[in-house]
Amino acid sequence: MSAVTAPVALVRRRPPASVRRKRFLLAVANHSLLIAAAVAFLAPFIFILLTSLMTNNQALSTSLWPHPIRWSNFYDVFTKAPFWRWALNTLQYSVLATIGLVLSSVPVAYALARLRWRGRQVSFLIVLIALMLPPQVTVVPLYVMWAKLHLVGTLWPVILPNWFGDAFSIFLLRQFFLTIPEEYLDAARVDGCGELRIVATVVTRLAKPAIAAVALFSFLYTFNDFFLPLLYTGENPHHWVLSLGLSEFRSLHQVQWNLTMAATLLVMAPVIVLFFLAQRAFVEGVTLTGVKG
Amino acid sequence: MRLRPAADAGAVSVPASPALARRPGKRRAAWRRRRLVLLLMSPWIVGFTVFFGYPLVMSVYLSFTHYDLLSSPRWIGTANYRYLFHDDPQVWTAVKNTLWYIAVAVPLQVLFAFGIALMLARARRGVGIFRTIFYLPALAPPVAATLGFVYILNPATGPVNVLLGHLGVQGPLWFHDPHWSKPALVALTVWGVGNTMVIFLAAVLDVPRHLYESAELDGAGVFSRLRWVTLPSISPVILFAVVFNVIQGLQYFTQAYVAAGVAAGQASQAADVTAVNLGYPQDSTLFYPVLLYQHGFTDFQMGYASAMSVLLLVVSFAITLVIVLNSRRWVYQAAPR
Amino acid sequence: MADVRYEQATKLYSGTDVPAVDALDLEVEDGEFMVLVGPSGSGKTTALRMLAGLEEVDAGAVLIGGRDVTDLPPKKRDVAMVFQNYALYPYLTVSQNIAFPLKMAGVKKAERERQAAEVARRLGMERYLGRKPSQLSGGERQRVAMGRAIIRQPSVFLMDEPLSNLDAKLRVQMRADIAALQRDLGVTTVYVTHDQAEAMTLGHRVAVLDHGRLQQVGEPRELYDRPTNRFVAGFIGSPAMNLCDVTCEHGAVSFGGERVELGPAVANGSGAVVLGLRPEALEVGLEGLPARVEVVEEFGADAFVFSSAQIGGEETRLVARTEARRAPAQGERIFLRVKPEEAHLFDAETGQRLGA
Amino acid sequence: MKRVATVSVLLVASLALAACGGSSKSSSSKRVNLTLWAGWSAGTHELKAFKSLVDEYNAKQKKIHVKVVGDINDTKIVAAIRSGTAPDIVSSFNSYNVGNYCGTGAWIDLSPYLKKDHIDVNEFPPATRYYTQYGGKRCALPLLADTYGLYYNKTLFANAGIKRPPKTISELTADVKKLTQRSSDGTIQVAGLDPLIGFYENVPERWSTSFNVKWLKPGGTSSDIADDPGWRKLFEWQKSLVDWYGYGKLVRFQSGLGDEFSASQAFEKGKLAMNLDGEWRVAFIADEVPHLNYGTAPMPVDDAHPELYGSGYINGTIIGIPKGKKHNDEAWQVVKYLTTDPHFLAQFSNKIRNVPTTKAALRSSEIQPDPHFSTFLKIFSNPHSTTSPIMASGVAYTNFVQSFFTKWQGSNGQGLEGKLRSLAKELDAQVKQAGGGGSAVP
């Protein structure tokens, strides 16, 4: 860059027409592909929405556009099935599991990331292995265990394990804790913080994005979870969560596609709203999982 | 990132020099520290023992028993494994379905995620909106998404076949045709590729600009740059995505279970709905975890289901190991960590 | 207020054979400003962290105010520390950052705020109390870090290269501020730096470390004038001392043909020695060792003449100081004359100083 | 601060929920509270009918109060008993799992109670006697039975010029072809009958009676499915009819139909001219489409076995007491009332149009006559009527056959013989495995 001031108004040099045309065409091609893909990705949501506004007969016909539009479907869903009950159960599962998961995973991740001790590497490896193995591997004895404790039929078998550290969360938090400069911790130590207090105050404050991501993922996971609630509460509709209720919605309550799609949308709504409220935390969290996998 | 590389690793080994003799105070301090580690690690130690180690051992034990949860397990040697490998007519189908799903869905997920990430990285406008659109399906609860897909792909009244009909094409039977049910599930999976896509996008944007610039100066075209700069730079992320999605594939259950149940549509008064609908149509969506669920939790053959678990454990371990070991060949390592 | 003592303090990182700090013996008097200086890897920071309690002591002891603190956790040592990157909590305001140690000590909020304001006023930071660290410049952050250290009125200040992240001009200014502050407070201070100029200007006494061993400790002038070994001689002073391998015969060395008589240290002694000459001990004149000027660096009044000469048959680089106005030009042929009374002699084998 | 508040409100709320979710028993003074699980769905009239009759029982006496929970299926029953969360009394819609329930002891043996109360098991009709016991244990009793027959739409029959319902399989085939209506592009508009296994009530065993099939070889342990000619005929006839429609066309048609237990059921909507269904449909039609012009008849039978006409498949709701509960004596009182009280059986039969399951109730004057329903009463008492085999592997046994059938109907129709051979082998291996891997329970 020349430091000499331009004597006259600067005239930006335009690239030659051929270059501009090529760039323009490339951009158009790229955007057209993106738009086409985006439409394809959005279409299912749109079809679900349209169907949820149809009448019974329309949903069983080949028409795509609802006529008349029946908003009352969304109301009918609640009269057809104990939707509130399911929602409250889901909330109970999500909230209790998420709190326990954060409280138990943070200290473990801290010990794995920031303390020096014999067996640390091996412990981390075990966490990774636990992360890799499908839950089906341990499901039978666990079911037997919960059955012996007479807790099958309740949500406790899906909530309680979260209070004892979750492998994925420990992994994600550890990755983040490793990036916290040691000096923050040293400073706190010198300033009179014990290790427990460092975890409770300094680390949690510094790792807020990671903890938010872990909590969000946990909420999302528990909200979407189907396999474990099916296993443990399948025979007790009193404790069904939304995903379970929704899966049985059609066969159990003899309802048609229009109401099923309305229910489907209602179940999707909370996560989508949550996403728009916490979009950044989501994206950062997802990115964090991919970094140095 | 490690701030004090020298500080890494286990306990201090003290040489036998008299100047370095152990002091009682030091032992006390070391004990204090160990207690701290123990305290911090305790949730995981308990959790691992109770919810992982113990059931893993029990799985192996139960796999050699006949156990219906009503009377105590009865030792029957390898009979479960014999039935598993010789007699069970569904196991081989389930294994094939699962492998098919992994072999098709995982590469497609990686390709789609990578393609979209590349287009997004190149886009000038609306990146935020596009990213949201591509990410949203990943958030949709699997049960809800599956219900949506079963409806949308209904052969007679579903919008997809209706639109195809307007184009003069007779759409396939989707979830009602054993040849199309798995592809329909794969479409559902690819629709939810958002997580992988976001990771890829971050990785692609993270590739240092100067690498592209120097490649361009060296005369590399668009594809050469993709091949020699982008791909090697993000290969660790690709590996992560492959491993992660393979693991997901091995435990693929919810979508298959729901799709089969809803598509079969058999009402609850006929026999035992769940078990008979699993794998609909014609066992084409009978994945290994689905079969395991059927044996374990509709038939309550806990011993046999444990044998299936043990096989799944061995196979998961082997597959993950093979991928990770092979990855050295094609994954570029920035620096030893 | 307290003195600090290292007694045979040793730190050995696992996986290594060489101690990072090797049997360090060092006393810091009450109220003294002690600077630990050395190249990177010399163990100076480790020594400081051992004092802070951030690094385990593998052998020996560390005492503060006569109390053995070797195995005490940092919070029980009554020390305050300023870090190279300041370690200001990004989520706390300046006021909260300064008051953080008080909060840890359980001081009430109102009192914390009063004291933080007081400290901030002392540092000229009142205006910034409500800001977050990200809204401050480097120098301001440094002050906040100082504030956090002094608020608790600890018995010892520890500073780990607190100025190395500042630009040159600010560094000089802050150096003076720190010196003044320490003088006012009179708190024992241990200060780590790799910059020997900083060490020389700040420290009441300076301890030079290399490879985990204490090389010399003393007042700056003493280190400059009587470096105890070849390492200290080379490390202290800028530009560095000229160190030439020469042969001593009968109390004199031959310096490129020039015969230089040395003092009683080597009276009649013979053999290989290292002759140490600070730039000011070499005079550019009309006679003496012939040399060719390679570079001349002018610093206002003075100039350093970098030249090469043949000594003992080997091409050797030599730096001499001269008045800038009389500096030779590049490529010029000059003659260097030694001031024998300013020459240092070191044993070629051990590097130890020979003579007084 | 606000966020903290929100989180704690959520926490308290969920804890409260968890607390109130746990306890459900509030046992009062002397009256014993019992919970009964039933399969009838809250979405239909049937559960209401059952509840009202149980309330009548509750009002009649002071010792026991029964609470009914609906929408239960076998998967839930099995899971609940295994996990120790079963209610005091359970009922299942069918007998498929009796082999499992009795064999494993999941449902307790009722024989001692029957003996003590001097109840003659011959009071229950033979088929129901068979499907409520296994391995020498009677762990269940019948609670109304289901029989299956042919529903036909008289309007569509008249339009096609057909006078009476078909009696043989060949008549059925011919009528189906006459009754089926397609649009110009070949899409099925109205099907004469949907023969696909898996559709509504179409499961193999309900078609099997018409073909005089044998499930087991003499001795009762190994499958006869590969050697019995009846099975072969059933598979071949069904496949030929499916192929006449075109498998894909049929699936496409079927996927556009309403749910079986909804008001959009295809027969009720006139989209099916004939349908295999249970007797309860009579009540559904009366409830949902009272003006439908339809008739009921026994299923058509194999042309080679005209003597079978009038028979049909029988199964039914069973009721029992799960293992490990406290109030077995009181539970038995309830079971006894529900399975033997003629008034209750007759009333319940009237309301949901299921077949009464004691001889006394069958003769009861309380039973309201209904021409549609009487067809099923006749089928029930026909000596050729059959039910499913009761096997140790429970419902998995018939599921295997159904699973085979669904694969067969979509296949190219080749190699039936070999396929049936391996199916038989699989069935035998499965029974052995369910019995404990080593020894098959006799």
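By letter and in written order, the chains are A, B, C and D; residue numbering begins at 1 in each of them.
Keep in mind that, in the parts below, a residue touches a chain if its C-beta (ideal position, glycine included) is under 8 Å from a C-beta of that chain, and two chains touch if they have at least 3 such contacts.
Keep in mind the model is a prediction, meaning the values are calculated, not measured.
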item	value
More contacts between chains, A-D or B-D	B-D
Chain whose Cα centroid lies at the greatest distance from that of chain D	C
Gap in Å, rounded to a whole number, between the CA centres of chain D and chain A	41
Distance from the mean Cα position of chain D to that of chain C, given in whole angstrom	92
Distance from chain B to chain A - Cα centre to Cα centre, in angstrom	15
Residues of chain A whose C-beta touches two or more other chains	60, 143, 147, 181, 234, 250-252, 254
Per-residue overlap in chain B, given as positions that touch at least 2 other chains	7, 9-11, 69, 154, 156-157, 265-268, 273, 297
Chain C: positions in contact with at least two other chains	73
Contact set on chain D toward chain B in their complex	39, 41, 71, 73-75, 78-79, 81-83, 93-94, 96-97, 104-106, 198-201, 203, 248, 251-256, 259-261, 278, 323, 393-396, 398-400, 402-403, 406-407, 410, 422, 426, 429-430, 433-434, 436-438
Complex interface listing, chain B residues touching chain D	66, 68-71, 74, 76, 79-80, 82-83, 87-89, 154-157, 173, 176-178, 263-276, 279-283, 297-301, 303-304
Residue ranges of chain D in contact with chain A within the complex	7, 10-11, 13-15, 17-18, 21-22, 24, 41-44, 71-72, 75-77, 79-80, 82-85, 256-259, 261-262, 264
Residue ranges of chain A touching chain D (in the complex, touch as defined)	56, 60, 88-89, 91-92, 95-96, 99, 143, 146-148, 150, 152-156, 234-239, 250-256
Contact set on chain A toward chain C in their complex	181, 183-184, 186-194, 197, 202, 205-206, 208
